[in-house]
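Take this structure first; my questions come after.
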Amino acid sequence: MEYAIIGNSAAAIGCVEGIRKIDKAGEIAIVSSEPHHTYARPLISYLLQGKTTEEKMKYRLEGFYEENGCSLLAPRTAVSIDTAAKSVTLDGGEELRYNKLLVATGSTPFTPKMQGLENVSEDDKHFFMSLDDARKLASRISKESKVLIIGAGLIGLKCAEGIAGRVKSINVVDLAPRILSSILDAEGASLIQERLEFNNIRFHLATSVQSFESSNNKSAYGATLANGEELGFDQLVLAVGVTPSVELAKNAGIEASRGIMINSKMQTSAPDVYAAGDNTMSFDVSSGQSKVLALLPNAYIQGECAGVNMAGGDASFENAIPMNAIGFFGQHVLTAGTYEGEVFVSSSKDCWKKLFVSGDVLKGFMIIGDPSRAGIYTNLVRERTSLSSIDFDLLREQPVLAAFAKPWRSANLGGAH
Amino acid sequence: MGAFDVLPDYEISRNLDRCIVCRVCERQCANQAHEYVPEEDAMASDESKCVNCHRCVSLCPTRALKIVRSSNTYKLNDNWTDKIIKEISIQASTGSVLLSSMGNPEDYPIYFDKITINASQVTNPPIDPLREPMETRVFLGPKPDSVERDSNGKIIPNLPPQVKLSMPMMFSAMSYGSISYNAHESLARAASELGICYNTGEGGLHEDFYKFGPNTIVQVASGRFGVHKQYLNQGAAVEIKMGQGAKPGIGGHLPGKKIVADVSRTRMTPEGSDAISPAPHHDIYSIEDLRQLVFSLKEATDYKKPIIVKIAAVHNVAAIASGIARSGADIIAIDGFRGGTGAAPTRIRDSVGIPIELALAAVDSKLRLEGIRGKVSIIAGGGIRSSTDIVKAIALGADAVYLGTSALLALGCHLCRSCQAGKCNWGIATQEPELVRRLNPSIGAKRLVNLMTAWQHEIEEIMGGMGINSIEALKGNRLMLRGVGLNEKELSVLGIKHAGEGQD
Amino acid sequence: MKRVYVNEEWCLGCHLCEYYCAFAQTNQVSMARALKGRKIHPHIRVEESGAVHFAVSCRHCEIPLCVKGCITGALSIDDGIIKVDESRCIGCFTCILSCPYGAISPSPDGHAARKCELCQATAAGVPLCAANCPNQAIVYEDRG
């Protein structure tokens, strides 16, 4: 086999498309532990909401593998990699030889250590990461269900929105004092929290579950919180966080910390082995730090970059930044970059906005409400555009290209002809 | 509306079934005749501000707009017409001279329309311009009386400097200031592409346009604005402007508000100050004085540039032209009373001067009679509207024609005749940057090239029909013309026969 | 490939491009009937700031961050033209967050992203914004 890809999500698909930019023929094998056509993972909450279907949530159309000359090995799990022999051992002992390998194993939901967790039966205990997770959750909830979600991050809250119309009650518990703590500050978080509470989602913040008990008087289970509250529930969703899946790579001697170490060409420490996606360490140009950026756009771009290089092309990806676009009950949240430096706040009926400026560069921003043209800000963060070269006073008010110097517009929009 | 305000001549008619309130009319009207009314989400208009330039009509995407002649009228009177009554009312309010723009619009005879063109039948074959060569090139400048040869029989080149044109047309003098930078660029680019010339007028030459020098006539007028040695040498010829058909005997006045930075630099006059061209050249009171200026300019240009003298068509035009021909000038330009202007006193424009057809014929006849026709070329301007007008002008004796109004029409002018206001909605007769940018010179130049090329084709077609294959053979060939409905005197001044009369 | 280019030097700020864009989306014959009394949602927008005005629409980038970042696969490149499959778009607006030009907008109902697709699927077949720009400030041409 010319190319082997472990994984079947954004990074893997990006890799296939990257390879095919250069090499139209070389055989590609995709190893996926899930028994599905590639699907858009973040859409599982929309599936529960009824806003999409399993058919529509395919990340690439039916026929993608055939058109791109890929053989999909699914459900199969890669057990080990022999970087010297250039082969991957699959479950069942089968050997998959490769010339170039992409490790795009993504991440795994993290199970917190909580007292009495074993009291909740496996059927009533859920993660919210995969299509199978969503199917299982859907099969277990009803109009009478009382759902307890541990974790008020993106996954937990999208899950809450997904099932909000389908269950009796939703309680969300998080150790942090605010929701969406990874992408919003207290002020922004409270705006979203209001919107969620308006939709009957209850929050228990800055606290944690002390213990789970089987059978509360009215519900199947009970949870006692650190603040003394007692919550009855019959379905539990664990959305505390995810861990990059690096064991396979580490066991093969590939250098990894929290994520697999890669260079700007997505090469790992092992020859001909590339990595991309949520299982890698990315260099965030907005903060200047190496971190795991578990973001779909990042995964795709890394995967595509890896694919081009695997096929003998020359690509690099050096300006990754955190960025999130997400909505809750019609309220849009758009964020990017790092929140450090001087803060410029603006607030109107349609839009709440915070811009973070440090050292003549826009470091990051949060927008809640009108998403219009937010990408103009993202581009400033990504490109680290010097703010003194543009009319930042105008740009602070609204994202417009009129704030850029005329030569920029001439070069990018058309110019004299 | 006040008791003494003048009734608007035109009304803005908006078809509300079609109006989608896109507000393009409002955005495009520099006179603010259209207004958006937010409470009603609808457009309103004020016809008293409308100059009927048709900018809104042309850009309205749903064709919802019409500008119609107001039916509001004073009590009918063929003597004291609406026009006269309004003019008196305005002057009673302002105490000022009436100002107008563009050419004389009054109902005088148009001789071009009373002249028909000949065609070949049976005894002399017509020529098909698609199959046979047809020469539209002309050379302007004095031609030697005889061919001189050296002792070896070789021709001695003794041809004085000439202006070479690919077709017998030029764009007439319109200054940078009276028209916009973009209008100038359009004319310059078109002239260059066509192999003809445009004319700076009395406004100097913007440095950006030096590159079009070989296709530029540089003008020297009574104000001497923008004249310096490099300017004189930059052009294909130098034109001394003695007069202008739209305002014979009158100087020029470019208001200070049009003297913006670039215009000021090009004219070499202070920014914001009115630029006044005196009525006379203060150093020219005779043909002898003119001769001095002609030779001064020849001296300054090393005798390499032909000198044009431009005069308005006035009563004594033939005798004046004869004097000019003897002054050392190489080319005489005659501007008829229909010629355009950026601003002129209305009374002058509409009542002074004579038609170009008569002036041209008189000048050509006079110079022939005196045996000096070969010493000069003649350019006719002021009222040329079509390729047939050009053919007729050449047959009446012109070597080439100047085209002003028709060129502006090609650039988008709708002849609203409000140039003097400086708010040209088509970006032509204005210096306001927001209006100037409405004329994209790429479009302007292309349209001028299209028009000239179309006319060139038509001229070839008409000449072919007459059995003539070059402009040279058409020039002064008045036998190719016949008058229709003209009296004996008109025919005799024009030097043509009446329709129905044969060759002999 | 042919793209829409804008040259602000010649933009009059007349906004006709926006109306022609909205008209193109309706596939109707008469603009008056198509747009009368309706709010328009053009894919091209005229930006105005003092004396500066110019139109902005999708550049159909060779390296389209919107397509790469699309979490559903609703955005794709078809023969160089970046298109949205509205049935697969769930309106997360990652594309809006990604586009450096601000050329993607939410649909009027806010449930999907919309953008210029160069009028290829409309009755006109060519971008009406460029075809109807009165000053060639917007052109549709192949600059390689």
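By letter and in written order, the chains are A, B and C; residue numbering begins at 1 in each of them.
Everything below uses one rule, namely that contacts are C-beta pairs under 8 Å (C-beta built on N, C-alpha and C of every residue); 3 or more make two chains touch, one makes a residue touch a chain.
Here the structure is a predicted model, which means the values were calculated and not measured.
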Chain whose average C-alpha position is farthest from chain B's own: A
Most central chain, judged by mean C-alpha position against the global CA mean: C
Centre-of-Cα separation between chain C and chain A, whole angstrom: 29
Approximate Å spacing (C-alpha centroids) for the pair chain A, chain B: 70
Whole-Å separation of chain centres (CA-atom averages), chain B against chain C: 43
In chain A, residues with contacts to at least two other chains: none
Set of chain C residues in contact with two or more other chains: 9
Junction residues of chain B - those touching two or more other chains: none
Chain C partner contacts - residues on chain A that touch it in the complex: 10, 14, 40, 42-43, 46, 51-52, 56-61, 296-297, 300-301, 304, 323-327, 330, 332, 334, 336, 371-376, 378-379, 394, 399-403, 406, 409-410, 412-417
Touching residues (chain side chain C, partner chain B) in the complex: 9-16, 19-20, 23, 30-32, 35-38, 51, 132, 134-137
Residues of chain B that touch chain C when the two form their complex: 17-20, 22-24, 27-28, 58-59, 61-62, 64, 433-434, 437-440, 442-443
Chain A partner contacts - residues on chain C that touch it in the complex: 4-9, 47-49, 52, 54, 56, 59, 65-66, 68-69, 71-73, 87-88, 90-102, 104-106, 110, 139, 141, 143
